[in-house]
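Listed after this line are the structures, all set down as structure tokens.
Both complexes shown next keep chain A, but they swap its partner, so chain B is in the first and chain C is in the second.
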Partner chain A sequence: LSRIGDELYLEPTESGLSLRAVNSSRSAFASFLFAPLFFQLYEPGGPAPDTERFRCKVHMKSFLGIFRSLPSLEKSVGKCLILLKPRASRLVLQLHCKYGVTKTHNLAFQECERLQAVFDTRSCSSRLCAPARVLADAVVHFPLTLAEVTLGTGPGGKISLRNYMEDEAEPSKTMMTELCLAEDEFQSVAVSPGSRITFCLKEFRGLLTFAEASNLPLTIHFDEPGRPVVFTLDDTVLEVHLVLATLSDLESDSQPAPTNGVSHLPAPPDDFADDLESYMAALETSTYEGATGRPPSPTFPLHSPRTGQSDPEEGEEDEDGAVPGTPPHKKFRSLFFGSVLTPGGPGLAPTQEVLAEDSDGE
Partner chain B sequence: MPFSAAPPASGEPSALSASLDNARHLSSLLRALHFQDHATCFATASGLRVTVEDAKCIQANAFIQAEIFQEFAVQEESVVFRINLSVLLDCLTIFGTSSLPGTSTALRMCYRGYGYPLMLFLEEGGVVTVCKINTQEPEELLDFDFCSTKVVNKIILQSEGLREAFAELDMTSEVLQITMSPDKPYFRLSTFGNAGSAHLDYPRDSDLMEAFHCNQTQTNRYKISLLKPSTKALALSCKVSIRTDAQGFLSLQYMIRNEDGQICFVEYYCCPDEDITEGEL
Partner chain C sequence: MRFRAKIVDLACLNHFSRVVNTIARLARTCTLRLTVSKLYFILSDKVANGGVSMWCELCQGNFFDEFQMEGVAAEHNEIYLELVPENLSRALKTAQNAKAVKIKLTNKHCPCLRVAVELPSLSSSSRTVTHDIPVGVIPRRLWNDFREPSVPDFDVSIYLPVLKTMKSVVERMKNLSNVIVIEANLNGEMNLKIETDLVSVTTHFKDLGNPPWASEDGCQSSAQGRDLESMAEARIDIKKLQQLLAGQQVNPTKALCNIVSKRIVHFILLHEDVSLQYFIPALA
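On to the complex of A and B.
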């Protein structure tokens, strides 16, 4: 998770403890759901069954600092206790070590909105499943500095991985690496031939390292270019999702007409940017129009349909997304991020009008 | 100058002359004190004491008894001089710091007296190096007046249990808070850094605890930057004694066993941090 974002989101749910992260450009999201069985004791707590579960986020570095040295942890720590104390504003991590020594860390946390990327693996047209080792062995051939890789399905069930070259790069000066995997190396293949998606390698590598270590098969769900690719790992006590934005086809047009699928969360808007970010949603191909031929910018899109109202919060990073010709070099479509209060299956963020404006917390 | 055990040609006996078969016995101890450039050396018939101080709040001493040396002679009652510790360490380790088995650097030290430089003769594998380090006027040293009769709380711990804790201290915290008590938490080290607070508790019945004599609950804070250098001494030691007196002054005594199994001591004294109000746990 630290390969993805600087903040760790913790959300205790009935089905387990969920740890999540998102990257700054909102093009990568990961969640690790540890089922109650994973723990010796799991008490999500909360005053009454219906109340909103408490969730928080902490700085990734602070959290990781507690688990600094894995080998010595394995030798010396017997038990780890995690307590969330909303009134004291502290996340308590207590390590019970050998010799009776107890290490207690009281981390400051920030309350936060629910972090959830909207995606639906059922709606993906293609699916691949392979042991993590197969994919790790494939990916090792690409240089560490490579940013994006293209996964493609070819005739005869060939699955290929190729490094992605930016348009600006001169073909004669760049080294191209292409790797093909046969269908039988995969545990299952259900793909539409001729599909191809390009995504960021760095975040994917992070997941692969984990998958290899835990010896779990990795499933890749993908669809058309521009639609997010979802990597999943499943185990009896753990469910992992990594959602990455993919590069859209250059033919598709820019000028997203995004809508903010916003429904109001009655949450303390301590941190403005956070509130906003959670409400962002991007639409895709179907709503695109215009013929500028310029790919949409990767950071969150965000023209609000309610142009009439003043949107001070839009000012921050999001304006960049809306302004054409802005710096971000990557042409990634941003992920779907919707506020997921409405019950019902994970679905695509519907095109909705903003239901209510964000209140100004200050 | 020829490397020999003979006294200097002038016939005057040196105020201090000492020989050590393995210079590492001295250099590793001195490294445990090396948080300032300068040190004061005291030599008496019982041995050598090297002292380093900082900020008028912390003092570290290394004791190397005369018995550790192959030869140790002090002509006057006591010999005192101030010297650049960084330079001294560089010279003592002039043949390198890696300890290959079987090889060691032999050392001979001579100090003729007030105003003279400290002469070091180092030999390894037939190669001899002569070093001459200027000495300086000794400065007034702090007297912590820490004597065993005034000790309120005392704990002796096996160093193994503290090493990792000290190495991983949250340096974003300004202070290290030490709580010693006859009741829970018995012995607690706390930091208050950017990420939040962290507490390390050692119960009195822990296997690591060799002695536990706490009479009163005391909580004192010390500037973490001053105590952090003691991690080196902790790393070398097998046991550490932690004592506080009524004023909250801290004494850390490290028992160090060298390669030949001989025992030396390094101790750190530290004043409590007065900027912070006590009682905030």
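On to the complex of A and C.
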């Protein structure tokens, strides 16, 4: 969750404790729902059955800091108690450790609206399910700095994963990597022919790390380009959703790709492309600019910092870390966020792109 | 003009990857020359490179199980390509346990070296990863720029100390100075020196041995008749030396350098099936 956003949203519900995060450009959302059975004791709280459940958000870093060193935690901590104290405005995390030591952390929280991205996996036309290992092994072939990948049907009925080249990048200078996975590497494949979506790798990698560690199969639900892609992990006590925006505009797609609608193309015969006679002829006869007269050299592409718009409502700058997350690129449609408000509050149409957190506006 | 090659043996693949990794550390872009029997990675001494040049030669038979090359013309049966070795290095990096790696020159949208890696998978068919590395085809009229450099008329030729030791010495010196002096004599002694306002550090190596160079016409170069104790020296950019040493992933069978006093240092690193020559010019 920390790979996605800086704030951790906690929402205790009847069906379990939900932890959520969203990124600043509203193009990535994740939720982890821990069923009551996951806990030794689970009391969602609230004296009367229909009082509004308490929701809050805390700083991700503060929360993570408590669980800093997993190996030492596993050795020393017997129990962990999480308590929400609304009147004291504190989220209490108490670690009961060996030798009678108790560490109590009081985190300040902010009340917030319900964070929920609007998506429906049932309405997605395509679905893939694979062991996390297969996908993790696939993703390893792409450089860590790569921002986006395109997932779709490839030649020969395979599933292909390809690095996405931005419009500004020159095809003659960028290295293209494509990985093809056979259908039988997946546990289930139900994809519409010719379908392709482009999404950001960073958050996906984060989910893959979790999935691999917990040995759960990963299901990918997707639809047309532009509609969000949903990654899910399912377990008896845990339900994970990662929702990423996808690139909507494919007209300027400069990649050599099979045309839409034809998914089972055999690998195109490319013997003719292997003989560069005509290319050489052109090379020998044409004239070049420049002192050495050499054809333009391919240079290793530098990842140019994103010049996307910053979220106007937040007024934040997109953190330009070494690895870009899902960017506020104008072609990525932000996820739709529904805002669930108590009656009487200011009405926000569910299709608003902004999550309004108005902690003192009620 | 066609090129197709295939590596099936894992040891050969790892060996080739290591060579490419070394080249990638030494040059951002370089020229790949393909002939019927050999591959060459060449960097010619342009000002942009800081005057360094490199010549690396491999026998294709030692690496490839299949190798087919048709040059630009029958009497010029060679191919010269300009590429970014880092791309090739990256493509080979995740091929560590591949079943086969095929490299092919194609021209779908622009000339590319297509590296197709066939990986084992749990399913019936293998997994394939394809990397299209854009290359520039160098026309025949420019091939003269890439001729093999001749061994300079050196003052001293000496075997290098154990590269690992030399590397750690140079790395520490790099923190103190941008320039290093290499000096050596025909008595098997070499010194690496740095000098700044605050500190000067010298590391002495001895008993290194001097390679015997027999020249073709029987007479020696300017090394003949030279006083054994007299040092030939050159001031070079320490980063270039550090890059050369850091790029070596395997200990060479033979490592030596030829020093032309105040002009250039010529390094020769020989492995069983790869030879690497690297020239670092002396600073003014």
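The criterion applied here is as follows: the second predicted complex is superposed on the first by the 256 of 362 C-alpha atoms of A that agree within 3 Å, B and C clash if a C-alpha of one lies under 4 Å from a C-alpha of the other, contacts with A are read in each partner's own complex, and residues count from 1 in each chain.
Heads up, the rule we're going with is that contacts are C-beta pairs under 8 Å (C-beta built on N, C-alpha and C of every residue); 3 or more make two chains touch, one makes a residue touch a chain.
Since this is a predicted model, take the numbers as computed values, not measurements.
J.: Regarding the shared-chain residue A:E185, is it in contact with chain B (first), chain C (second), both, or neither?
T.: Touch partner of A:E185: chain C, not chain B.
J.: Between chain B (first) and chain C (second), which does A:P155 come into contact with in this model arrangement: first, second, both, or neither?
T.: Neither partner.
J.: Taking the superposition as given, does A:P71 touch the first partner, chain B, the second, chain C, both, or neither?
T.: After superposition on chain A, A:P71 lies in contact with neither partner.
J.: Is the number of chain A residues in contact higher for chain B or for chain C?
T.: Comparing chain B with chain C, the partner touching more chain A residues is C.
J.: Per the contact definition in the header, classify A:P143: touching chain B only (first), chain C only (second), both, or neither.
T.: Second partner only.
J.: Contact-wise, after the overlay, does A:T177 reach chain B, chain C, both or neither (first, second, both, neither)?
T.: second
J.: In the superposed arrangement, does A:V101 touch chain B (first), chain C (second), both or neither?
T.: A:V101: touches chain B, not chain C.
J.: In the superposed arrangement, which partner chain does A:G194 touch: chain B (first), chain C (second), both, or neither?
T.: neither
J.: Per the contact definition, I'd like the list of chain B residues that touch chain A in the complex.
T.: My answer: residues 161, 164, 168, 170, 194-203, 205-208.
J.: Mind pulling up the chain A residues that touch chain C in the complex?
T.: Residues of chain A touching chain C: 134, 138, 140-141, 143, 171-182, 184-185, 256, 270, 273-277, 279-280, 283-284, 292-300.
J.: If we count contacts the way the header does, which residues on chain A are in touch with chain B in the complex?
T.: Residues of chain A touching chain B: 58-59, 61-62, 65, 68-69, 72, 76, 90-91, 99-108.
J.: Residues of chain C touching chain A in their complex?
T.: Its residues touching chain A are 1-2, 4, 28-29, 72, 82-84, 86-87, 90-91, 94, 104-111, 121-125, 127-142, 145.
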